[in-house]
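What follows is a set of structures to go through.
You will see chain A twice below: alongside chain B first, and alongside chain C after that.
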Partner chain A sequence: MWKFIIRRVAIGIFILFVVVSTTFFFSRIVPSEPAQKWVGAHATEEQIEAAKIELGLDKPLYSQYIKYLGDLLKGDFGMSIVSHRPVSLELKNAIPNTLELVILSVILAFAIGLPIGVYSAIHENTIFDHLGRFISVGVISMPTFWVALMLQIIFSTKLGLLPLTGQMDTILKLTNPLDKITGFAMLDSVITGNWRVFKDLILHAILPILTLMSYSLGLTSRMTRSILLEVLNEDYIRASRAYGIKERIVIWKYAIKNVLGTVTTVLALSAGYALVNTFVIEAVFSWPGIGSYISRSVINLDYPAIIGVTLFASVSYIILNLIADIIVALDPRIRFVKGGD
Partner chain B sequence: MNMKYTKVISILLVVLITVVAAGCSGGEEQQGNDNTPKTVTYVTHSDPMVFWDPAETWAIEIVALQNIYEPLVRIDPMNDNEFIPVLATEWKSSDDGLKWEFKLREGVKFHSGKELTADIAARSLKRTIDLGKGAAYIWDGVKEINAKDDNTLEFVLERPLPMLYIVSSAYGSYIYDPDLERDWYYEGNADGTGPYKLNDYSKDSEVILEKFQDYWGGWNQDQFDYAIVKIVPESATRRQLLVRGEADIVEQMPLEDVEALKSDDNILISDITSYQQLYAFLNTQKAPLDNKYVRQALSYLMPYQDIVDHVMLGSATQARGVIPPNLWGHGKDLMQYNYDLDKAKELLAQGGYPDGGFKLLYTYTAGDKNEQKVGELFKDALSKVNIDMEIRGMTVDSKYDLAKATDPNDRQDITMLYWWPDNVDPQGYMYSQFRTEKEVGFNFGYYSNPEVDRLIDEAIAISGTSIEEATEKYIEAQEIILDEAPAIHLYCENYVRPYRKDLKGYADNPAYPNAVFFYELSR
Partner chain C sequence: MSKNKNIFLIKLKRRLEALWVFIKLLLKNKLTGIAFITIVLLTVTAIFAPWISPYPDQGQGQVNLEEKFQPPSTKHIFGTDELGRDILSRVIFGTRISLVISTITIVLALVIALPLGLLAGYHGGMVDEIIMRITDVFLSFPPLMIAIVIASFLGPSLTNAVIAIAVAWWPWYTRIIRAQVMSIREKPFVKASNCIGTNKWVILLSHILPNTISPVIIQASMDMGGVILTAASLSFIGLGAQAPTPEWGLIISTARTYIIDAWWYSAFPGLMIFITVLSFNLLGDGFREVFDPRTRVR
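Then we have the complex of A and B:
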């Protein structure tokens, strides 16, 4: 088992290296003039030349690449071409905001999707089942940016129940400043007992989280339903029922165990999907996270920032995959045979 | 799942819900205690914070920085180029124009509490010049900057310069604390003498400015305690925020949205002619546009009015010459080409192309809808005289690469360029775009005329002593340029900004593009 995990981690590191290298070279092959962007639109030739030296762009690409890798190992992501600030600093501020959305949406998708799936499976082919399936197929198929806009129009513009954009009300930020402890705003507001801010944060997060969880929710409930239906037809379930064990216990104790493994695996992967989805959603909700950051960086071909985000996204993906693999590996029926996984 | 776990989870859920509920109700109790501060909100489409060091500033960060830092003097182009004393209260120049003295305002404090002295002012400008970044070149020709006494700043010049136009520049003209380091600024800090200090910055979200209690101008109760620059990339969302009253002023709205907002009783629209002018440069070194008559014919074929009406939806003014209106050097009696098919046919015949029959390449920056639409309308107009045109959208860099190809015959025939000034001086429009260049910079017509070169040089030299004489020279040069038509002068964009009707004191100043002076506002 440990051998398996170590192998996985080693492969992960190798993938990271490949990802960093390809992003580095691809973002440099695309025609762009980073030095020009660094100094401004009306810069003179001399200013551009000076900027090239300052940014190390005067050196051949391979030595830039080696230097970049070296800096990366030291945790230095370089300077953003657009904002002239260290990418690591900007990532440090943006990542918690995005993770907050992703984690909450995945937890909620699981907490809501699983019971719906179970209920659908038990009441197979009833109206509820059809409705549930209709909704889950629907939310998977709807483009997220459209869902986001619709939620905004309904809950914010028409009903006026929830804020339109942003993470937190600005005036509240001034009257009840939030101390930064972990960088996760909601967690910080709980730790410091800043309840007004906490409430405001929740209100602002509802629409983005609803948008983000729609896909995972649909996926979870559908997966749960179909796997549970399969499991319920197996012999050991029939045997349990024949013993006269209560149906509730049959499902929640015996059947669900065989569902959970697959569903959590799917969920871990859908967290990766949610992470990518924030790229679109954050722009719509003006959410100050990784998604807003990458869209601005791509528009400006800000390559240190692009690599920084890519790196973060790949690390997340690798970790999520690892989690999924470990969950599968925890199943005692899976054995580690020499020479194979 | 074991029943025990179910229980544990249920308990956790109950606890969580209670905490949330407690949090919410706790909030209600506190609500009555604080008086809400007065805030004004300006919504922009992208994060303005590009340059943090006041010596380097050269982009839209002036949206915030113009409120944090101050120059010696500001200029009001909408009011006959009046100079407004800011950190300098009076100024005078020597008779030969080689020495300028600025008296500094007394009792000015930095946000840090430090007092402003002539020594600090002199050293901050010297730092800007020494760093040589951003718009530092505006100080070219300044030999020395001295602190004559505690509040007299002296400039010694190599040649007479239009100093007031330089010290009032939107970029590179700030007086700041020269003892602060560049890194400190880029950690997200600022320290100026302006009415607002930086309170908080969250990237891609907002910049919060807080009123500086000790500001030399003092405060009255109608002014704002906080000024917020909010970043909202979605234009539909920006519009919503304005309509709901959560935004006071909005930058960069699609003109279709502006049209719709005009019917809202709570919203006013500020619409002024900016300095941003669009040019179509004609390749004067490649056939057939090396022929003056063909270039003139093309100038008559541009459907100017349709472009202003349908591309810009009326939010633009047809250009008259190289230099935009409101900027000195503009000639209000200069000739203007207008769409005239017959004249164009006549000129084409004169140029040796009575039946057209050639093909042109039009390049523009991909993504710029206006340049693209101009291209489409122009192509349509050209087809009437049997001229074909390929419209090619390119990235800025590849567009420039093509425009700078070694052989002029490899370059495009027509390319689009916007120009705007760094300070209120027409020099850039004339010098960078129409003066002979050894290596191609921004003169994309590849135009070279010794007479025009001489006039531009003379205008620049004399601008230090007499704006009137410099204007005459520039007008003379523009007459030649208009006749020889190395470029088609399209339109000058208007800055259109919808804002809330109850906001008092808002006046857009084109010399400081996109900036809002929050100190002037009240409600």
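Then we have the complex of A and C:
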């Protein structure tokens, strides 16, 4: 077991190294004139030369690479070419906002998707099952950015129930300022007992969460349904039914255990997809997370920022994969052969 | 000569019969049938876009400022945009772009994947190990993320978006081709061919290659929906098609600015993406059901 985990961690580190190196070399091959951007559009030749020296672009590629790796180990992602602020600082402000959305949407998707999947499987081939299957395919076929816009149109511009964009009301921000403790706005507002802000934060988060949730919800309910159908065909289920155990207990106590493992794996992966989807939808909601940050950086070709977000997303994704693998490995039915994996 | 021709005809007839059986199996499921018809209709729309769309000039970008922001009506079923262009016409021309770029993307991904998969599966050893570790790195991330990162390095254009998505997608095909090659390599007919001293390349190209094609084509058709979505997402964040191309994602991206005044502007193009992707996904599900005997029984 431990050997397996260590091996997976080693593979993760290797993958991360490949990502770090390729993004670095990519950013140097592409003709983007970072020095030019650093000093602005109306700079003189001398200013550009000076900027090149300041950014270390005058040095040979391999020494730039070594310095880059060293800086990364220290948690230094370099300076944003556009804002002239450290990328690590900007990421530190943005990451909690994105994680808040991702975590809440995945939890909700699990809480809603699992019962739907179970119900679908029990009532196989009924209208509800067909409808459920159709919806779960439908939900993963919708472009997330479109879902975001449609939710905005319905709940915000037409019904006026929820705010259109942003994370928090601007006036409320001035009247009830939020103390920064963890960086997670919702958590902070609970800790400090700032309930008005908490309520406002929730209202702002509903639409982005619904948008992110849709994909994971479809995936979870589909997975739950198909696995439960397989499990319900197994002998031990038939045996417990033959003993006269109540159907509810058969499903929620005996069958569900063999479903949860795979579904949690799917959940870990769908958290990864939700993270990537924030790249697309945060800009729609003007949500101050890494998604908005990368959209802005992409337009300005701000490479340190793009690399910073890429590395964060890669690390999260590798960790999520690792969690998924470990959950699978925890299944006692999978025994580890000595010497192999 | 005529005997050869006869054999060819018989073979062709057999192929067509097999295809017919396959289509009949596929269409047994009503949803799959509807999806199949929708895709045929979409393809027809794409091919005959200039004749089908009510305002072909506007579909290709001609401005008509007198009629801007018209809500849906009989004259403009999907309404008009900020430059007075008929959105239905734009969306119809968009069908062309989406279907064409997703096909090119998948073909490009296959062009990368095919030699690598054949090499890895047939050669084995160190070459196999290296190719597989590279695919491992790619498969560790969602394709959309890889595509965004690559497209942002290459710069915003439709061509670069196609390249970026193809680069994100090839590892999946390489894996399938490799697995297929490895199983066919061990078949008696290949061994026999080997024994009589057939050239390695002849074996690879004329015996193994044709047998790897069908699972790849099935996978590719199931991926069409995902590729269309990815391309639209890239265009939406500004990394794909550029104005005035009537690309669906780009249209919605522009529509975002006018969301308060013109709901139809983003609603209909998105609906079109949804219908297209849904049809491809349902068809893919249908394929899977036909090929997976476990689900066929159910």
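Here is the rule we go by: the second predicted complex is superposed on the first by the 340 of 341 C-alpha atoms of A that agree within 3 Å, B and C clash if a C-alpha of one lies under 4 Å from a C-alpha of the other, contacts with A are read in each partner's own complex, and residues count from 1 in each chain.
The definition used in the following text is that a residue touches a chain if its C-beta (ideal position, glycine included) is under 8 Å from a C-beta of that chain, and two chains touch if they have at least 3 such contacts.
Being a predicted model, the structure only gives us computed values, none of them experimental.
In the superposition on chain A, A:V39 contacts chain B only, with no contact to chain C.
In the overlay built on the shared chain, the residue A:A283 is in contact with chain B and with chain C. In the superposed pair of complexes, A:L61 makes contact with neither chain B nor chain C. Once the two complexes are laid over each other on the shared chain, residue contacts for A:T157 go to chain B and to chain C alike. By the touch criterion defined above, A:H84 reaches chain B but does not reach chain C. In the superposition on chain A, A:G272 makes contact with chain C only, not with chain B.
Of the two partner chains, chain C is the only one that A:I306 touches; chain B does not reach it. Residues 149, 152, 157, 164, 283-284, 295 of chain A lie in contact with chain B in one complex and with chain C in the other.
Chain A meets chain C in the complex at residues 11, 15, 18-19, 23, 26-27, 30, 134, 137-138, 140-146, 149-150, 152-153, 157-158, 164, 229, 272-273, 276-277, 279-280, 283-284, 294-295, 297-299, 301, 306, 310, 313-314, 317-318, 321. The touching residues of chain B, counted against chain A in their complex, run 1-3, 6, 19-20, 22-24, 26-27, 30-31, 34, 36-37, 39, 41, 46-47, 49-52, 56, 58-59, 132-135, 137, 186-188, 199-200, 202-206, 208, 210, 226, 228, 230-234, 236-237, 240-241, 244, 246, 395-398, 401, 422, 428, 432, 439, 441. Those residues of chain A whose C-beta lies close enough to touch chain B in the complex are 31-33, 36, 39-42, 44-45, 47, 50, 82-86, 89-90, 93-94, 149, 152, 156-157, 164-167, 170-171, 173-175, 190, 195-196, 198-200, 202, 252-253, 256-257, 260, 283-284, 286-288, 292-293, 295-296. Note for the complex: chain C touches chain A at residues 31, 136-137, 140-142, 144-145, 148-150, 152-156, 225, 229, 232-233, 236-239, 249, 252-253, 255-256, 259-260, 263, 266-267, 270, 273-274, 277-278, 281-282, 285, 298.
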